[in-house]
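Below you'll find the structures, each written out as structure tokens.
Both complexes below contain chain A, partnered by chain B and then by chain C.
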Partner chain A sequence: MATAEMYLSQSADIAARTLGDDTLIMSTLDSTIFVLNSVGTAIWNAADGRTPLSQIVHDRVCSEFEVTDEEAYADAREFIGQLAEHGILRITQEPVSPTEAQ
Partner chain B sequence: MNLLDEMNEKATRQGVPLSTHMDITWRCNERCVHCYLDHDGKGEMTTEEIKDVIRQLADVGTFFLTISGGEPLLRRDCFEILEYARSLRFNVKLKTNAVMIGPKEAVRLRKLGIEQVQISVYSHRPEVHDAITKLPGSLRRTTDAIKHLKANNIKVSITNVLMQFNQRDALAVKHMAQELGVNFTIDPTITPMLNGDRSITKLGITLDELHDVMRTEEFVGDVAEFCAPVATVGSDVLDGYSCSAGHTLAYISPFGDVYPCVQFPMPCGSVRKQSFREIWYDSPAFSELRSVHVRDLHTCSQCSHTAYCSRCPGLAYMEGDMRGPSAADCQKSYARTGIPSAAMSRAGKTIPHVHIGLVQISGLQ
Partner chain C sequence: MGNTPGQLPLSEAKVRMSLTMPLPEAPPKRDVVIEIGGLPIEVQTTDPDFERILWGRYRDYIRPGTTSQFALHVQMTTPDAFDPDADAEVWLEGREWRMERGDFRASFDPVARRGQVNQSANPYSIDSVLRIVHTLMLAPQGGFLLHASSAVRNGKAFLFSGVSEAGKTTMARLAPPDVALLTDEASYVRKVDGRYLAYGTPFAGELGQPGKNISAPIAALYLLKKAPENSIEKIHPAEATQRLLRNILFFAHQPEMVRQVFDAACAFVAAVPVFQLAFFPDQRVWELIG
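Let's turn to the complex of A and B:
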């Protein structure tokens, strides 16, 4: 994992609720709807703006699901890219303060 | 099946109140001739009580939260309530007459991320709209508000409630909605007063008028398809429920009383006496409602309209039997297809000229 670290924070312009293992998210900007499965929900819940993606993947995905760090990291990058495209998730190269993360 | 349908199905299986309609006041600055509420504000929940209920709703999984009234903006804490709901990540819709929404309020609503503002417009003519609301200047103020909301990219939906006074203006209101760039829905629903008084339903359009509405392409799209009867009723329909009320939908009054829906005044409990969770999961009234499948409906399960009828169990309840037919929905199916419902046939088709009153046509844009 030689790439630069990434930090994720949830956008304020969303509505979200977790039902069982899944999370329903709707953008208030364009009403796009996402339903995250249990892996996506694990990443989403850890997106606090301060925990690096690699650590989220290791702690929340690889420890819970049978997958290697490399596979999980590649999948996670694709997943967060899709959410970021719709303004659901913000990706930064540096950690953000708790205030900024909201 | 789209994602929302999937989540609704999941919520039904898990018993989650995915949608809640919350009236934060019944007070109003308009006095619409067809309104089903009294406007007494005595005993309304306080700001903190309402916030506590909203927090409870987040805990049990509510995602869609409609804040309504009365006129919700009459409460000075309305924005505080909306802000709190958004901080808990609800998808928030606001139902309002909008006369108190100016440029500043529109900006605040945009910043809060309100999903949609739903507004009733009764006519494109001030003399008709204002006569229905009994508030001079209300059409102009409402229309101005819609422009402010649109300028802030807030989604707006206009509902045109059809009555005898205004039903001829429906097409013009639709055109007005198109010019304003907002959604449009017609609603031939005159809800009886929640105290049981049905006198205002006489304001509703007649069966003949509803027949004409249902054959107007601008309202229903493909008329032949919309009015075509569906003969087959599968077990999926019979094993299902009439609607989401009490399954994934709840209504909470300004006084903390909980019901399955705003049009289903079956008392299920009070959040001033119990938690919402206790009411939702343990109320005998909710349990009874959830036990009723379409196949348990003594008349409707045998009706040829069952596959597509929008039977409202709340209307049936108000007519005296939650498991029985709703006359208004029978009339709607009759107006749509020309085929009498099972209930109408049993009654010898004696009710074709009753005012429609509570009839809803869903999906009309």
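Let's turn to the complex of A and C:
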């Protein structure tokens, strides 16, 4: 059975900075801090609201790191779920326009 | 109805009486200018007991005869509750910051540079208000107050930060005689002409004594961890920034303020080396510092 596609947008309610391979993100709503490693940073940077998660995983994760699409997709879903819980990332089932993504 | 000749109408009599009676004398001002981190704030009071409290607590930081563009007018009131260890609530209302804890209620307008404090004559409430006002003034300039002890050795400042029990006061207690302590509780960090300076503060922790009122360029920030042996390890910037952010005194969780503090922490870590200092609590740890 096909799984519904997911699209990711970065929240406007954050402050973020890439430091080396890692990205530090702080929620301006509850001051929660996240440090993303290089894989997380790759997903974060691709979260433009228009690229489906499956494509992000395939293009940015599997091509760069030695991992299968299935494994990477399962890990990515868990990862984006945690960010979404804190309002860092927005997940939609349809692509969003650049203005909506903000 | 006319007035009897020779009699004043009642209302006029009252006016004349009020003009001729001496006005109650205003209590003398007992204002005190407290300068921390190079920022003088005039604490305005007419209460002699409170003035004595201020002199007792901030003696080395009081600047008699100095004028200040910043003022806090303190009104003596009976507090609803008294728990200086409780967290203060800080929020923005219009352009004014509001601060509240059981023992005080205060406001501060950063544009007018004026504020009002309602508290009883005690040192803890004004101490908290001063800490909050300083953090609000520092954030837009890239500075902050940090849960850290700090000290100056050979003209350079060193910061020792960590959570409660990490060893901030222990490092201060173990300092050899050639070290000048800036604080054992809340370090004052300012960015001046592109350099980070640490200033002494009167904000004392367990040591119970104010820091020396001097400043110096910051040479390093050490994040403390007690261990069986002493060791120093450089920390990766992302982890250093994350741990620094956890220790910055941060009262106002307003989005713009959060961004300013975040940017300040990132910029600090880019400019100042940050290490993990695992230490055994004896004097040998100071052989690694300076």
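The working rule: the second predicted complex is superposed on the first by the 101 of 102 C-alpha atoms of A that agree within 3 Å, B and C clash if a C-alpha of one lies under 4 Å from a C-alpha of the other, contacts with A are read in each partner's own complex, and residues count from 1 in each chain.
We take it that a residue touches a chain if its C-beta (ideal position, glycine included) is under 8 Å from a C-beta of that chain, and two chains touch if they have at least 3 such contacts.
Keep in mind that this is a model prediction, so the values were computed, not measured.
Overlaying the two complexes via chain A brings chain B and chain C into a clash. Once chain A of one complex is fitted onto chain A of the other, the partner contacts of A:E85 are absent, as it touches neither chain B nor chain C. Using the contact criterion defined above for the overlaid structures, shared-chain residue A:E5 touches neither chain B nor chain C, since it reaches no partner.
Of the two partner chains, neither chain B nor chain C is touched by A:E94.
Of the two partner chains placed by the overlay, chain B and chain C both lie in contact with A:T28. Using the contact criterion defined above for the overlaid structures, shared-chain residue A:R17 touches chain B and also reaches chain C.
With both structures placed on the common chain, the touch criterion links A:E70 to neither chain B nor chain C.
Overlaying the two complexes on chain A leaves one chain B stretch of 42-50, 78-86, 276-284 or 312-320 clashing with chain C, which is 312-320. Shared contact residues on chain A (touching chain B in one structure, chain C in the other): 13, 15, 17, 19-20, 22, 24, 26, 28, 31, 33, 35. Here chain B touches chain A in the complex through residues 3-4, 6-7, 10-11, 14, 16, 18, 58, 61-63, 89-92, 113-115, 155, going by the rule given at the top. Within the complex formed with chain C, the chain A residues making contact are 13, 15, 17, 19-20, 22-24, 26-31, 33, 35. Across the complex, chain A meets chain B through its residues 12-20, 22, 24, 26, 28, 31, 33-35. Residue ranges of chain C in contact with chain A, taken from their complex: 236-239, 241-242, 245-246, 250, 253, 255, 258-259, 262-263, 266, 269.
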